[in-house]
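After this come two complexes, each holding subunit A, first together with subunit B and then together with subunit C.
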Partner chain A sequence: MAIKVNQVLDAKGLACPMPIVKTRKAINELEPGQVIEVQATDKGSTADIQAWAKSTGQHYLGTVEEDHVLKHYLRKGSLDEEKEVAKHPYTIDLDSLRKKIEGDEKITLLDVREPAEFAFGHIPGAQHISLGELEERFEELNQEDDIYVICRTGHRSDMASRQLTEKGLSQVINVVPGMSEWQGAIEKE
Partner chain B sequence: MTKVAIIAANGGLFDAYKVFNIATAAAASDAEVGIFFTFEGLNLIHNEANKNLPIPEGREHFQEGFQQANVPSIEELVTIAKDLDVKLIACQMTMDVMNLKKEDFIDGIEVGGTATFVEYAKDANISLTF
Partner chain C sequence: MSLKRMTSQELAHKVINGDRLFILDVRNTDEFDHWRIEGKGIEIINEPYFNLLEGVDHLAKSLPKDEPILTVCAKGGSSEFIGEQLVDAGFEQIYSLEGGMKAWSEHLEPVKIASFDHGGALYQFVRLGKGCLSYMLVSDGQAAVIDATRMIDVYQDFAKKRSLTIKYIFDTHLHADHISGGRALAEAIGASATYYLPPKDAEEVTYSYEPLVEGHNVVVGQSKINVQPIYSPGHTIGSTSFVIDDKYLLTGDILFVESIGRPDLAGKAEAWVADLRETLYNTYQQLSKELIVCPAHFSHMSEMDGTGAVKATLGELFKKNEGLQVHDEETFRKMVTENLPPQPNAYMDIRQVNMGKHKPNIEQQREMEMGPNRCAVHYKLRRME
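Here is the complex of A and B:
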């Protein structure tokens, strides 16, 4: 599985605590919301990376093992996202979204998270265009549909919803809060 | 912010790894970390001694394991600890007893008495002794 990331850190062959120490330094160089892939062979790193992410406010996405190399995916935390600010006027909660998905009406569910976040779990049938690419790719959306926009916490999807409305799409609804609270079916790549 | 206070009172290689691994991991996790080096623990930051810390008798075969696992040297860990702003405090009283000067230690350490450590550790979330 090839996942698009902003940075790849090679921590292969390093023993504890070096994978964490190197990750700390690398994350400092990233912008909030960017994604890093940490490659490690230290078997303890899977547990450590998760604990570290929790204590430093990063978002652990998942780990893939390929040819005895552990690839850990992390997204740099962003304080803005933890605040609940909804500016787009049209929103829907997760229960109502679930009913829409299970219903007969045809809808477009647009997931605007980073590719690595999408790869580690999304709602089946969701279309993926990350927020950063929306400007260039919004025409791929079926503009006849109601478009439900989702991210992790509702922050990026709010920005995306407003961006799409500015592009002239009229039926755009922001899903709040987002994948962080989603209890329904999940599909992985 | 999590605050970690460590007392390093022993001077073997294993002691050094316990101290510096936890200190660097905690500092990399955004904790504030201070280590108070006393008695044989002073070896861990001594210019010469920390390049060749003793392995406990009968455990010499661990040396190979350290190399195979690619564990960083104590000197490297000390450098990382300093980069991550770990506060290194050498105990003045033991330095006097052992006739050691500040110049005998690596750069960037502080020298203080127990009161310095107590002041630092009074509101620590985690206190450890090695």
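Here is the complex of A and C:
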């Protein structure tokens, strides 16, 4: 699968510790929230990159293996996201969202995470426009529907909800916290 | 000062001698918790290399200043990287383990455990990193290899240096914890070597072999060192022991120094419990208590004596080994079928490889053999204090 990312790092053929040394350097140059694809052939890199991401606050999205190349996807962590933020006045919790999805009422669920995050697992039927592209693409949304906006922790979806409200959409609801706590069905690309 | 290297062999000698050695293992913590270097004199700590890329300062206070420190990782690259950083930080006696845990897991240390009165010797090849024991019986220019690991060069080089011809190759059973080198060794030597396997363990194998059965003794060398197979099922249905020169009992994975074999690795624990009990409490009971038990595994360094050998007399084991003290059959059944330790890494795949059904490359073989062997019932994770 081809996943849109902000940067691709080629660490193929490199032995431990170089894949991590290079990833660390590359991620330092990214903005928080940006996604990197690390290509490696060292089998040990999968376990190490997960453990490293955990210890440094990066967000490990997943790994796919294609033609003996491991592609690891990481999103640069940001402290802001871990803080309690809910500036948009209308929010819904995950249980209530689940009931809405299972109910008859027609809703739009908008997932504003990065393409790689979406690819490694999203709620079935969710529409995907990442936060960075919302400005250009918000017109793709069905403005008649109630629009429920989701991300990983509720931070980006809060920003997206406010952005959509400014564009004149009136029924925008932020889902809190987000995919990090979602227990329902998941679909992968 | 600069970074120095330590080979697996140098490390093996330190472990066997019980020498003091401080080790910094920089693999990730899951791997460290799973398996690591152990030894009487070993003090070991873990800090993953990726936590040390920014610098080693936060770790420096946990490290001794005035003695050698060995850095260890999976393959030797990260330990070297971190070792250099420690040297830069002012540590003077830093060593990196060449080839890392991969090399350690593949190192075999030959230990002479017997010299026979009428010539000949028995060597135990100790695979310290994995707890596997294989044997070479030597007499009059001939040799027999028992439970060979896949590092067949080691046996061939050993034989070559001593001008020995390897004539007989035995597997006591179809192994589930490591890839057997028996067949590969026989193929490498050619027609002059014969590979024996118990037929009851060989029902699904895809290659030809000579059946290893009770009543067909083998004589190694002119001086007639007798190798007598004894059918001893329980770990597998075909498990066969050997009595060598009426003095040594090679028990395979049936009886270890501090524990007994587990019956569940072929998925037939309940069915094989009775066999295991019969072998341990009847067949072995009838043998001479003077026999020196030489197992195919060890789980703890406490099973090793000061020379690096893992052995004990049968009489001693009937007194001390917990697995031989359970006189109630039901208690025994429970002990060997319930609360067993985790099964060895990739044991199903390893059995397939040993049957000849699956032919992985060398990297895949290493991957399959990762971690401790866990063929014994009493496996406890012991942390070095």
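To be clear about the criterion, the second predicted complex is superposed on the first by the 189 of 189 C-alpha atoms of A that agree within 3 Å, B and C clash if a C-alpha of one lies under 4 Å from a C-alpha of the other, contacts with A are read in each partner's own complex, and residues count from 1 in each chain.
As a convention for this text, contacts are C-beta pairs under 8 Å (C-beta built on N, C-alpha and C of every residue); 3 or more make two chains touch, one makes a residue touch a chain.
None of the values given here were measured: they were computed from a predicted structure.
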Combined model on subunit A where subunit B meets subunit C, clash or fit: clash
First, second, both or neither for A:64, with subunit B first and subunit C second: neither
First, second, both or neither for A:21, with subunit B first and subunit C second: both
Partner chain in contact with A:169 - subunit B first, subunit C second, else both or neither: neither
Touching partner for A:47 - first (subunit B), second (subunit C), both, neither: second
Subunit B versus subunit C as contact partner of A:55, first or second or both or neither: both
Subunit A residues contacted in one complex by subunit B, in the other by subunit C: 15-18, 20-21, 24, 48, 51-52, 55-56
Touch list for subunit C against partner subunit A, complex: 28-31, 48-51, 53, 73-75, 77-78, 81-82, 363, 367
Residues of subunit A defined as touching subunit B within the complex: 13-18, 20-21, 23-24, 48, 51-52, 55-56
Interfacial residue positions of subunit B with respect to subunit A in the complex: 2, 21, 24-25, 28-31, 69-72, 80, 84
Interfacial residue positions of subunit A with respect to subunit C in the complex: 15-18, 20-21, 24, 43-44, 47-48, 51-52, 55-56
